[in-house]
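Chains here go by letter, A, B, C and D, matching the order in which they are written, and residues are numbered from 1 within each.
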Amino acid sequence: MDYRRDIPLAITFLIGIIAVLDYYTGVQVITDTFTLIKNWGVVIQGFALGLGAVNLLRVHGKRISQRSGGTDWMFSGWLLLMMAMFIVVGLGTGQYDAGPTYSWIYNAIYLPLGATMYSSLAFYMAYGSYKVLRARNFDAALLFITAVLVIMGNTPALAATFPGLFYTREWIFGPIVSGAYRGIRIGIGMGAVVLGIRTLLGMETGYLGRR
Amino acid sequence: MSIWEKMTSLPREIVMGLVLIAMIIPAMNPLGLPLFTGDMSRAWYNTVDALPAGSVVLFDVGYGSGGYPSLGPGNIAAFHQMFEKDLKIVMMATALEGSMMYPLVMEGVKPEQNYGAVYGEDYVFLGYIAGGQTAMAGVLGDLKALVSVDYEGTSVDSLSIMDNVNGADDFDLVAYMTTAGGTAEGWVYQAYSQYNADVLGGCLSMMTTSIKPYYDSGQILGIMDGIKGAADLEFLTGHPGDAIVSSDILSFTQALVLIFILIGNVSFWMTRGKGEAS
Amino acid sequence: MVSVDPQIWIAAFFTIAATSYAFRDNVVFKFAENTFIGVAAGHTIVMGVKNIRDYGWTHIMQGEMIYSVAFLLGILLYARFHRDYYWLYRYPIAFLVGNGIGISIRAAIHSDFIVQVAATASPLIKSDALGTVNALITFVGVVTSISHFIFTQEKIHEGAIGIVPKIGRWMMLLAFGASFGNTVMSRFGMYQGRIIFLLREWLQII
Amino acid sequence: MALLTEGRIIPLIAFILTWVATYIAIGMGKEGKIKIRRIAGLDAIEEVIGRSVEMGRPVFDIIGMGQFTDIYATQTIAGLSILSYVSGLCAKLGAKLYAPQARVDVMPVAIEVVRDAYRVEGKLDEIDVDEQLPYLSGTQFAWASGIIGMAARMKPAGNIMIGPFWAESMMFAETFDRVGAMQVGGTARTYQIPFFAALCDYVLIGEEIFAAGAYVSGDPQQIGSIAAQDWFKFAAIGLSILGALLASVGVNIIAELLSR
């Protein structure tokens, strides 16, 4: 037996099977065991949250010590400084995310960045719609029709003037979206279950890493 | 170069600049247009409305700063309705930033001032719990075996709202708002399939089509469809806020986008066969 | 009146810096991006430590020593950075994968397969004409879009029956159009929050 | 307490059947008894590479930011299978390939896959992995801007994007469209499919990427899984049609049976 490989595969199988049995059977000892497994899972996930930061420390620490990439290393230094600031304020006060100072720096820095980074895709979206939504062939035309109708129905000023546009939008979200997406959902669900079973059986070992 | 050839490839800075202007103007001069409420958000409202006073709701603040502009206003409106109905809310967060959203939402609702609600009796925030579906299963399963303190570190034994809350059977409703596909599906798996619980789901508009099948089959009883759903909830609950203001912004920007789509298509067909191949 | 609150000014700066990328990649954006990565990692650490304290350490303090196994597994995650003992991190990963998969597939087969099929196996004829039409469209959409994803039976994609998966593809494209349209709203709905912030809190002109 | 939880008999049967089906199908896959149909998207990929050779411009193959440890691992594996196919064609036909990387755990595998493909064609000296498979960044927007920059500089004639994609899908598809590249896109993350469908010359929808990956790799594990899922899809179609017809005449037996 290879304890580097076989034991992890056995752990995956065992834990997965207990989870499945907990769902289908009503045996108390299984339920209790699985409660413990879930609670451990939450704790281990807490530990896993630090992995990304360690990676960042390694990558950016190297960049700083080598002064690489022109001014890139200065950005790396700033990045680590910001990380350190949140950690010091969060852990140093002993109040974690509930402290007022932590709230202050969060609302000043993290909140605007997080809220803007993804939403600034709106500009891409606008330009993309202009460049992309063109009825250049049959497939694109199908997409074009519903996209334009939904945008019109979603535009409050247009919907207020022509209520029919709003009801058309509602109708598209009825049978058309329901039908197609239910088919897709069934496919995705079965795909996930089959993959899960393969993993539990130790046929899919990608998560063990490739070293 | 003909006019149509120019129109078919307008510089991106012009398109984006006009969009920016189209956002600023209506924000400064609101129009106050009538609003049509969608099926899915009305279903959300009615589900909450049908609960008797004193019912316990499990609410997941499953979004962070990225989702706040869309989901925050909806969350505030949803809480207004729940506090008004005298429901008890047990809040948790499956998103890392959820605990930072909680004070922002509460600042908008002001349950103490507006509804005389008391923390620990009428509502409680358990904080962020790691693990996604594991966290959901943990809270719905044997809650007290997992959670012993709230987000400020107070023991849950000292909070009266938690006296009779031990797991899924003690929740009359499970509701969530999230930006993550895994969370939106996860609550259906863990709350509906596991405990046959009543579930309400709020998500970004771009996710709505993907979780719509659950609504059609009754696994989710109502969907708050992003900023549109938020505006609907603000309207239905009678607490107008940022989402209704944003309706005007949507009117301007989307009308502009429609004009650009029109220009794009007309110019495309006018220049077809001339320059498209190169 | 422009705000005098330094918090608002910092937030406004980062809002504008993050937006600038849409127009052109630039050094201010790069600064904002590095800040973002740093604070996100910092926040993650804070939440991680709190999580371990609230859901692990409190149990040990109450005398439930069995939770020390979870601590040991958690610490082993960091073995991956060690040259010789990296393989130890597979133990906690195996635990997380087994738990994650078990907990989701046991319910997925119910939520995504059985309930969805049961919902499709409902009457096609409704009390009103529109209801019947809608039920028929939904039904056709489900069956044809599933058939589009059958890969091991070549026959259903050929000849006269080949129209069935093709209809599925068309139905899906129509549905994707709806999704596209809604995404446009989603993105603008997100950015409007920043506009309201800049105008109301920072410039204070609305 | 009952041994079996009430209302979960049908789910349990379905679960056991899935288990058995997966086992049998993978066995059949190993014996070569299952054939997967060729996806039209693969022909489109050939056309993309042929066109690039004619135009003397490079081809991009982007497999996304998935990792082996997340739930998108299968999509990443499908992307790697396609990368192997694309690099084989590039080596054979003489197109220059670029495949920027975003994940440190996937990158070494991608490099191996590409080198193998070039080795098979006996053209290992024609690939420079440091230049052609650069590591850009593991951060979404830094990675996106890196690829956008490369595309603007090199003006590739073709772009193949198969794997898990997030919000960057729109940025990529739009940028490559602007520089005049012919595109094949595919992902099983449903949220992003509309952008590919709108911008790419050919799109692989959802599970088509797994079928395409299995087809080009010939891996019995992948082929077997697809067969097992197909059986369930047939069951879904059969039960839906039968159930709907019976329900329409007032016999609600299928829906009732499924709720046991």
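In this text, contacts are C-beta pairs under 8 Å (C-beta built on N, C-alpha and C of every residue); 3 or more make two chains touch, one makes a residue touch a chain.
In this text the structure is predicted, and so the values were computed from the model without any measurement.
Undergrad: Determine the shortest chain-contact distance, in steps, between chain B and chain C.
TA: Step count on the best path from chain B to chain C: 1.
Undergrad: Which chain would you call central, comparing Cα centres to the global Cα centre?
TA: Per-chain C-alpha centroids ranked by distance to the global centroid put C first.
Undergrad: Find the chain most remote from chain C, comparing centres computed as mean CA coordinates.
TA: Between chain C and every other chain, the largest centroid distance is to D.
Undergrad: Measuring from the mean C-alpha position of chain A to the mean C-alpha position of chain D, what distance in angstrom results?
TA: Spacing between the chain centres: roughly 19 Å.
Undergrad: For chain A versus chain C, what separation do you get between their C-alpha means, in angstrom?
TA: Distance between chain centres, rounded to whole Å: 4 Å.
Undergrad: Would you mind pulling out the distance in Å between where the CA atoms of chain A average out and where those of chain B do?
TA: 16
Undergrad: Send over the residues of chain A in touch with two or more other chains.
TA: 20, 23-24, 38-39, 41-42, 45-46, 48-49, 97, 106-107, 110-115, 117-119, 121-127, 129, 131, 133, 139, 143-144, 147-148, 151, 154, 173, 177-178, 181-182, 184-188, 190, 192-193, 197, 207, 209 - these are the residues of chain A that touch more than one other chain.
Undergrad: Two or more other chains touching the same residue: where does that happen in chain C?
TA: 21-23, 33, 37, 43-44, 47-48, 50-51, 55, 59, 93, 99-100, 103-104, 106-111, 113, 115-120, 138-139, 142-143, 146, 148-149, 169, 172-173, 175-180, 182-185, 187-188, 190-191, 193-194
Undergrad: Could you pull out the residues of chain D that touch at least 2 other chains?
TA: Residues 8, 11, 15, 18, 69, 71, 141, 190-191, 194-195, 197-198, 206-207, 232-233, 236 of chain D each touch two or more of the other chains.
Undergrad: Determine the shape of the graph in which chains are vertices and touching pairs are edges (line, ring, star, complete, other).
TA: complete
Undergrad: Touching chain D in the complex: which residues of chain A?
TA: 20, 23-28, 55, 117-118, 121, 124-125, 127-128, 131-133, 139-140, 143, 147, 181, 184, 186-188, 190-195, 197-198, 201, 203-204, 206-207, 209-210
Undergrad: Help me check something: in the complex, which residues belonging to chain A touch chain B?
TA: 23, 34-35, 38-39, 41-42, 45-46, 48-49, 95, 97-98, 103, 106-107, 110-115, 117-119, 122-123, 125-127, 129-131, 133-136, 144, 148, 151-152, 154-160, 163, 166, 170, 173, 177-178, 181-182, 185
Undergrad: Could you please specify the touching residues of chain D with respect to chain B in the complex?
TA: 7, 71, 180, 189-191
Undergrad: Can you tell me which positions in chain C touch chain A when the two form their complex?
TA: Contact set of chain C toward chain A: 6-7, 10-12, 14-15, 18-19, 21-23, 30-52, 55-56, 59, 66-67, 69-71, 73-75, 77-78, 80-81, 86-87, 90-109, 111-113, 116-117, 119-120, 133-135, 137-146, 148-149, 168-185, 187-188, 190-191, 193-194, 197.
Undergrad: For a test of understanding, state which residues of chain B touch chain A in their complex under the given definition.
TA: 9-10, 12, 15-16, 19-20, 31, 33-36, 38-40, 64-66, 68-69, 96-97, 99-100, 103-104, 127-132, 134-135, 137-138, 141-142, 145-146, 151-153, 194, 208-210, 212-213, 216-217, 228, 247-248, 250-258, 260-261, 263-265, 268
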